[in-house]
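Working notes, structure below.
Chain nomenclature is as follows: A, B and C, assigned in order of appearance, with residue numbering initiated at 1 for each chain independently.
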Amino acid sequence: MSIMDKINNLDRRIIYLLAWIFVLFPLIFPLGLPIPISSDARSWYNFVENNVHDGDTVIFSLMYGTSGMPELFPMSVATMKHILQKDVKFVVLGFWTEGPLVFNALLRQVNPADYGKVYGVDWINLGYIPGGETAMGALATSFQNSVAVDFVEGRPLSDFPIMDNIRTATDIDLIISFETGTPGAPEWLRQWNTAYGVHIIVGCIGVSVPGMIPYINSGQISALMPGLTVSAEYELLLNKPGLAVAGVDAVSTSHLLIVLLVVIGNLAFFMTKEEKK
Amino acid sequence: MTIIATLLQVIPYYFDIPVLSNVASTATNAVLLIVACATFVGVISVLMVHAKRVQRRTEGWYFSGLIIVFVVIMVLTGLPLQEFGLGSKNSIFNWIFTNIQTPLGGTMYSILAFFITSAAVRAFKARNIEAAIVLVSGTLMVMGNAPIFTNTVPVLVDISLWIRNIPNMATMRGVMIGAALGAVALAVRTLMGIERGYLRGGGED
Amino acid sequence: MVDLIAAWTAVFFTLGIYSILYRENPWYRIAESVYLGVAVGYGVSVDLLYIRNQWSGQWSASTGMILLFAIVMIVGLMWYGRFTKSTFYLYRWPLAIVVGTGIGLALRTVIDAQFLQQIVAQVKTPFFVAGNMGATINNILIQIMVPSVLLYFWFTGTIRESAPMKVVEKIARYTMMAGFGSAYGYTVLTRYSLFIGRSQFLLGIPPNDPENQLAFIAIAFIMLVSMIGWDLTHKKAPEV
């Protein structure tokens, strides 16, 4: 069996082992590769910096569960830190069952109280609302009818000063949505952007990025954070390197492995084809 | 009933009829409750399947037993009875979520990274022109997402952005428009009562 | 001590899932079974909490709303008619209401959000951008590619047999292949990002618990030794 045949028939566990090595090595021994800042990171940073004004009301929506945490959690933390630097009111809610618990994990990283934000006055957590797109539509027409009590204290919304001026979608200036699938951006666009003109920025996993591009092109989504690498760039722009920056070296080496394997696999394919001819 | 529910949402959106808007709003909130009520459907289905396996002692029945045990624990500790110390703040519920659900959920989908790696060498071959285009654009995108490449060859960023914003955008826009037309057609067929596939089951047509 | 058990439990289940990479084995089956059980049970908690909280809101505000709530709950209970043939017809009622409402909410804005807005954006793309040859070429390509992709999915009539359509098909196919390549690139990023996140957890890189690292080494060693040892003692080639 020629070496190319051996490559074509390589035991996949060797490939898995290579994947482990290429990922674990830079995590144990950081390479410190420079991270160039992309236009995506700058767009997101500039939007939050220049288009989120003091006094705005923002929805901060974690539309993902534990499966999406590795890729979306770093950008959620970084964006939360950015938003907390501004004098905005924000409402935390989600339409994924694990969203509230993911937010609890975020609170262990970023405490709004450290930025002088008071719960119930500057921010509120409305928790999970079942029903997917139907829930998004219901929430847009009436917050108070869709959500009876807040998630943290279990008290009626009327007890919290922040909700005095938040009744419908027209009271919201921006939606920041981090998502892995459905419900997600298309549902936000249908129920909030098209119906009420609310601006939306979306942080999503890489798999969802190709589907978001037409919305970016048409201006329906104002900014996009596409995956872990851009999260790292955003953390650098904020001068708050975190989990994303810590993982980018491993992104580099893992992608290097993929490219090498594709090249080797195709070389083996073509050389085997030549031999057979 | 489907037609009524649909029209109840569509008509108030285009016509300003306050009474109808209020009814639609209440109906939407009622639907959220109806959806939440379905929560035990999954639990009962899982319990039925796996209880049968335990009862019949089929191969791997002890794993089914494990499933049943954890379903029961999570359901019981998660019941919204804060007065009895149960619910989302229950320590057992939270411990299981934090130390079992969270790692398992994150790990399940990350396994695909290995399968993609294996596919890269075994399946991702330029057998014809179309495959070659996928291969080249895919490889360029992979390189454009990794600082190790973009630092050495900065033009890769522009190339990957071009692939994303031109051919990918064209593809997705075309698919999106087609899918929107398809969705409208399906909705109209459902409203006309032609499409009733979602109501099938139970041994009847 | 509790933290120690928590760390080792989390690492055990993580490695249990990864053990499938070697071959199908009991560690994986345990982790998979537990995941299924916990995931199914978790959803119940949040849904029931929502129902309970909603009761304390508008639904208990007046007699009429209380009556309506009772009716909604009865409709909600009809879901469970699906488990027996004789009551399966009941299951169709809440399904019809939910599907109808969902269709209505989506239908009223899908035409604008995913159809008109995209067409407007396409039409607004200028063929010629003064002083920018790159943008001009890109815009011309978009104006060729998007209609080609749309026409590729046109199956009505005999127009597909015509010579111009063959050219359109080719352009559309090549466009879509490049688009799928883009999707592949991002899929690699996502899957590896998830794996990197789990690896950071296993290595105990902050903010993860440093205790995880010892647990990782110990549990990985035990699992590998048990699987390889089993294969060697049973003289069976490991399943690939």
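Structural remarks
One rule holds in what follows: a residue touches a chain if its C-beta (ideal position, glycine included) is under 8 Å from a C-beta of that chain, and two chains touch if they have at least 3 such contacts.
Only a predicted model underlies this, so the values are computations on that prediction, with no experimental measurement involved.
Chains touching both chain A and chain C: B. Between the interfaces A-B and B-C, more contacting C-beta pairs are found at B-C. Taking the mean of the C-alpha atoms as each chain's centre, chain A and chain C sit 14 Å apart. In terms of their C-alpha centroids, the spacing between chain A and chain B amounts to 16 Å. Annotation: 4 Å between the Cα-based centres of chain B and chain C. For chain C, residues that reach two or more other chains under the stated contact definition are 21, 42-43, 46-47, 50, 53-54, 58, 98, 101, 105-106, 108-110, 114, 118, 121, 179, 182-183, 186-189, 192, 194-195, 197-198. Residue positions of chain B with contacts to 2 or more other chains are 9, 13, 26, 28-29, 31-32, 35-36, 88, 97, 101-106, 108-110, 113-114, 116, 135, 138-139, 142, 145, 164-165, 168-169, 171-173, 176. Within chain A, the positions touching two or more other chains are listed as 12, 16, 19, 67-70, 98, 100, 129-130, 132, 134, 137, 145, 154, 195, 206, 209-210, 214, 217, 227, 229, 251, 254-255, 258.
Residue ranges of chain A in contact with chain C, taken from their complex: 11-13, 16, 19, 23-24, 27-28, 67-71, 73, 97-98, 100, 108-109, 127-130, 132-134, 137, 144-145, 147-149, 154, 156, 186, 189-191, 193-195, 205-207, 209-210, 214, 217-220, 226-229, 243, 246-247, 250-251, 254-255, 258. Residue ranges of chain C in contact with chain A, taken from their complex: 21-22, 42-43, 46-47, 50, 53-58, 98, 101-102, 105-106, 108-110, 112-114, 117-118, 120-121, 179, 182-183, 186-190, 192-200, 203, 205, 207, 240. Those residues of chain A lying in contact with chain B across their complex are 7-8, 10, 12, 15-16, 18-19, 33-36, 38-39, 65-70, 98, 100-101, 105, 129-132, 134-135, 137-138, 141-142, 145-146, 154, 195, 206, 209-211, 213-214, 217, 227, 229, 248, 251-259, 261-262, 264-266, 269-270. Across the interface of their complex, chain A is touched by residues 9, 13, 25-26, 28-29, 31-32, 35-36, 82, 88, 97, 101-106, 108-110, 113-114, 116-118, 120-122, 124-127, 135, 138-139, 142-143, 145-151, 154, 157, 161, 164-165, 168-169, 171-173, 176 of chain B. Contacts from chain C toward chain B in the complex involve residues 6-7, 9-11, 13-14, 17-18, 20-21, 29-54, 58-59, 68-69, 72-73, 75-77, 79-80, 82-83, 85, 88-89, 91-101, 103-111, 114-115, 118-119, 121-122, 138, 141-142, 145-150, 152-153, 172-189, 191-192, 194-195, 197-198, 201.
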